[in-house]
Amino acid sequence: MSFKIGIIGVTGYTGGELIRLLLNHPQVEIAAASSRSNVGKQVSEVHHHLYQQLDLIECEMKAENFAHCDLVFLALPHGTSSLLAKELIALGVKVIDLGADMRLRDFNTYQKWYGAEHHWPEILPDTVYGLPEIYREQIKGQNLIANPGCYPTSIILGLAPLLKKGWVKLDTIVCDSKSGMTGAGKSLTQQSHFPDMNDNLAAYKLAEHRHTPEIEQELSALAGEEVLISFNPHLIPMNRGILSTITMQANQVLTQEMLDTAYQEFYAAEEFVRIRDKSHLPNTKWVQGSNYCDIAPVWDARTNRIIVVSAIDNLVKGACGQAVQNMNLLLGLDEGLGIRYGVMY
Amino acid sequence: MSFKIGIIGVTGYTGGELIRLLLNHPQVEIAAASSRSNVGKQVSEVHHHLYQQLDLIECEMKAENFAHCDLVFLALPHGTSSLLAKELIALGVKVIDLGADMRLRDFNTYQKWYGAEHHWPEILPDTVYGLPEIYREQIKGQNLIANPGCYPTSIILGLAPLLKKGWVKLDTIVCDSKSGMTGAGKSLTQQSHFPDMNDNLAAYKLAEHRHTPEIEQELSALAGEEVLISFNPHLIPMNRGILSTITMQANQVLTQEMLDTAYQEFYAAEEFVRIRDKSHLPNTKWVQGSNYCDIAPVWDARTNRIIVVSAIDNLVKGACGQAVQNMNLLLGLDEGLGIRYGVMY
Amino acid sequence: MSFKIGIIGVTGYTGGELIRLLLNHPQVEIAAASSRSNVGKQVSEVHHHLYQQLDLIECEMKAENFAHCDLVFLALPHGTSSLLAKELIALGVKVIDLGADMRLRDFNTYQKWYGAEHHWPEILPDTVYGLPEIYREQIKGQNLIANPGCYPTSIILGLAPLLKKGWVKLDTIVCDSKSGMTGAGKSLTQQSHFPDMNDNLAAYKLAEHRHTPEIEQELSALAGEEVLISFNPHLIPMNRGILSTITMQANQVLTQEMLDTAYQEFYAAEEFVRIRDKSHLPNTKWVQGSNYCDIAPVWDARTNRIIVVSAIDNLVKGACGQAVQNMNLLLGLDEGLGIRYGVMY
Amino acid sequence: MSFKIGIIGVTGYTGGELIRLLLNHPQVEIAAASSRSNVGKQVSEVHHHLYQQLDLIECEMKAENFAHCDLVFLALPHGTSSLLAKELIALGVKVIDLGADMRLRDFNTYQKWYGAEHHWPEILPDTVYGLPEIYREQIKGQNLIANPGCYPTSIILGLAPLLKKGWVKLDTIVCDSKSGMTGAGKSLTQQSHFPDMNDNLAAYKLAEHRHTPEIEQELSALAGEEVLISFNPHLIPMNRGILSTITMQANQVLTQEMLDTAYQEFYAAEEFVRIRDKSHLPNTKWVQGSNYCDIAPVWDARTNRIIVVSAIDNLVKGACGQAVQNMNLLLGLDEGLGIRYGVMY
């Protein structure tokens, strides 16, 4: 049996990566795809690497064109997916939104950080945040999932064991994240122009990146009280990968062994989280193309601080792989189907 | 049913890539692996990206340790695989040699270009060159296959339609090839040191690269007469990919359409060769991680010359993917099993 | 004493590089600069690296705004510099045009390859091609210089000794050139988008690149008869550098020593050409940021062919460094002033 | 008049960069050079880019071979320069040590972090730390200077204005630094192998990097009390550049304007520090090849924190450029001589 899947917003890097993962998935078929700019074109005219892999012409971006799908992925800029999501759900189609519009449970926070129109604010308080390692049971049985952002995935998974243990001084968390350039999207900008970014490195949107409230919402939920963080994003001259280095004060004296054990135990049952020891600090290349999140906690006895390093592929565990993981949960399939494969180096 | 597969020389990039492809193959299991330097270690201690993906300890590099395998891949430096190949075949194990020792049918040519010892020269004249698009029927039923070199794969596939048509002045062929740095291997050298190769570009081994006689052997077989070429290899600051740009004089006036048609027809039945038109000249990124060879022929009416561009991933179609393609043929499996998947961008 | 220099078209990478070289030149000052898009802005608002290095506001792009200059560099797209050049010369200002409009001595050839309007076709037959190693004496005393293209510089310097010797079968020359991405300009394109070009490699404009007639014009002049070539350009994932690998049939039996000696002698007096031996084939990184052209000839006795490798920095010897070299000749200064400095690695 | 300069440890990237800067310096000549591995060889046999730029054969690494020099740069691994420094000073030669052996004023701290032999511990308390923006007056007139480390330079300059103002909660400083790969040196390692580091990113030596006590020593001196920090170093797939992102709690409510003014005022007289505003956060490419340190402070009202971004070229302001700046001070020359030039992009 095969489920029919749609992709809305198929032109970007996220769209191309969704296609890759779905082509490799044994129980789904890509039934429809659309974007704003390429209606009527073959999808492979935009994604040249998919030439002869997918024979599909983009339809117009209307909910009704996806009514025959079991599930639709929305890969759209913020502010543009809430209306489509509402219409699709009304048509009985399950929706996984890879954009930001459904992630914040508080509408006021959404307005403050995004300043964008929203066509379905009343759904926000109940929408499930699609991080399976934290919300697996709530995800099953949903019709609508807010797929987490790339930076938040790396940071929330990196901190969850510590917050659950209650070992962290919550007002001392500094998250320094570095992202490959696919994270900045396919739209042409001077910052993403090859000669400008090659052999270059920069911080951006310090103290104002929109993933901040999403991270704080989830860390607060894990900690059971409000958490404010510093989130420092950077652009790195590579294609895929996010590395988050998270530093915080411990509220008690710990040891390296306590940290290692806490992480091993917290993620013992998780297929897609790998705990590394401090002599093998995660490299983004080790998770490239895969759905893994590699995490290593480090104890600094000198300063009584914990440093956590967390690595993902921003397009896989940070977007499309996690979306397929959620899809599997929504469709009642084996959670790792289509995203469990040998890692390419 | 599952075939037992061994890998000898598992430490290098080729070893890691073989593991990736075999892990994704539905009808094989990796039963044994070995290298010179890491006997007794977990394979994933060397290939960190494979952590928790493969639980296998390297055995000693002796044929008898692989006697229980149906097929063994040899991924060894030239001069070191002929003896192992001979012993494995004697034990009834099929062998695919990814090294250079079995590729030249003429022992004198081997000695001239490689200057290395050879423990099984008498097998050379009859060993089948494992390029399925050219030698498919001969490959089936063999016990030993010489897996082609990376540069030769890109050039032979790029020229085969023209040589079969007889359109080329055979003494005018210039092959200018560019390779990503995995092609230079995992051994540490100053040329491969990141600061030396990043933002750099160089030709190397002009008029003396060892792939030259291999290319000429196969082009001569296709043309039905002896072919001498210029082969100019280059190193490029990227990881994977070979792009060969091949220029030659035509022996008659042609048209772009004649070229396009000839290539489309020659490769009409081939799953892993994609013919692109001249407005979509192959990019190595379009084939990265995949077993495709993308080819575009270009007619230059002004000079009466043909230029062919051919792109592969040096580790897949240029090595391990092709080896798995050969494995499938030897084991009687669907030829594309395990190497037919959505391309990652 | 200090000469007043103007730059028209200051926004691009060429503009920024001209500024760098002129800031380091002891006998000139940048007196005016202009571009189409940033009139009224500080130059360093576009070239952030020049912050606090140059205090200059862009004027409107009119010849009269540069009337006080001794010499003006034009760094404009083809089709846009001929009128300005004419007006500036009329105002008594010397002009070095880094664009393509003045390079072809035959107007019909210009029209055929560029298809662009030209406002001063009658000047073309007499305009001197600014390659000092070939045309030094003609350059001195000119008011207008056509600064050579980047690819042509690498190829013409690479072939000049052989053509002067008369050792080449002129109908067999294949030029395979690879360029860093600054050569593709500062304008945003999908091909130059970081994630698309990083870890990628492609040929482009095969058999139709506009530098072809420029190369052929100069090779023909050197050979004393008409030369047709194949010119295969490629884009490489690095910022600066062009490597040209040029293959041709010799018309007689030569030796490596004959080649080395011919090159050493031809360029014995040239400060900016370095002849390397075949065991040190040029790397683009060795000339990065410098005005050097590194060249190595290789003899292939097996095929009776010569292969020449030639490396330059496309923005220096391929554009701005050569332009300053020409400026020094026009102003009667030491030819190497401002471009003779330690190479950065 | 020209000063005679020696370089001991000329083989590495630091050695090559010292040569570049000294070749461009109008009042010095390179009089002698040495390294452990290439005695008797031309320096340009190791630094190919310097071919025909420097005609100098490496002497043996003995102090007496440098007795005729006015000043010698030591560019050696830690543990190997203290004896040479002592001998050179005894011979009346000024010494600037680019290694780590002279930087820590407390010998016990040196032993704890470096665990290496030291041949001149009694000099440590009085050796001047060669950061001209902080210690200019002490540097003048010295015979021996400890040239700062690359990471420390970026962090100390980034924090000095805040510490002098007293605005920082001193126990909350987190320094997240990212370095290009020349910072990891010229010695071959798997981590620095091109295919392993290209498109990769990793943290390393968390909570144990040897620059930590050096940073803390200088921050403590600036703050007037002991400072403990977290220092998180990372390796980035680029050649040159360090970007430090430093996050800390303010001990009072500030504004963006207060920060901007404090930085502008603190560095008002400094040629090599450029303060950028928060809408132009430093890119490492803007300082590549130059002696600049670009700094931008950011106020985060939401968390009452300050984030400072500081960018240098690790080989220039982080090593050789700063060393030449110190040399100029020691020799009584204009401080910016030889390191004041147009920045290359």
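Note that the chains are named A, B, C and D in the order they appear, and that numbering of residues resets to 1 at the start of each chain.
Methods note: a residue touches a chain if its C-beta (ideal position, glycine included) is under 8 Å from a C-beta of that chain, and two chains touch if they have at least 3 such contacts.
Only a predicted model underlies this, so the values are computations on that prediction, with no experimental measurement involved.
Participant: Could you name all chains that are in contact with chain C and with chain D at the same time?
Facilitator: A, B
Participant: Assuming a repeat means more than half of the contact pairs shared by residue number, which candidate in C-D, A-D or A-C repeats B-C?
Facilitator: Answer for B-C: the repeating interface is A-D.
Participant: Shared interface numbers for chain A and chain D above half of all numbers used, same, or below, different?
Facilitator: same
Participant: Work out the mean Cα position per chain and let me know which chain is farthest from chain A.
Facilitator: Measuring from the centre of chain A, the most distant chain centre belongs to C.
Participant: With centres defined as the mean C-alpha position, give me the chain B-chain D separation in Å.
Facilitator: 46
Participant: Between chain A and chain D, what's the gap in Å when you average each chain's C-alpha atoms?
Facilitator: Roughly 38 Å separates the two chain centres.
Participant: Which whole number of Å gives the spacing of the CA centres of chain A and chain B?
Facilitator: That gives a centre separation of 36 Å.
Participant: Counting only residues that touch at least two other chains, what does the list for chain B look like?
Facilitator: Touching at least two other chains: 13, 180, 198-199, 237-239, 283, 285, 288.
Participant: Under the touch definition given earlier, write down the residues of chain A that touch chain B in their complex.
Facilitator: My answer: residues 13, 16-17, 19-24, 47-53, 198-199, 274, 276, 280, 283, 285-290, 294, 341-345.
Participant: Report the residues of chain A in contact with chain D in the complex, numbered from low to high.
Facilitator: By the definition above, chain A touches chain D via 172, 174, 176, 178, 180, 196, 198-204, 206-207, 228-230, 232, 234, 236-241, 243, 245, 247, 278, 281-285, 288, 298-300, 302-303, 305, 307, 309.
Participant: Spell out the part of chain D that touches chain B in their complex, as residue ranges.
Facilitator: Going by the criterion above, the answer is residues 13, 180-182, 186, 188-190, 192-195, 197-199, 237-239.
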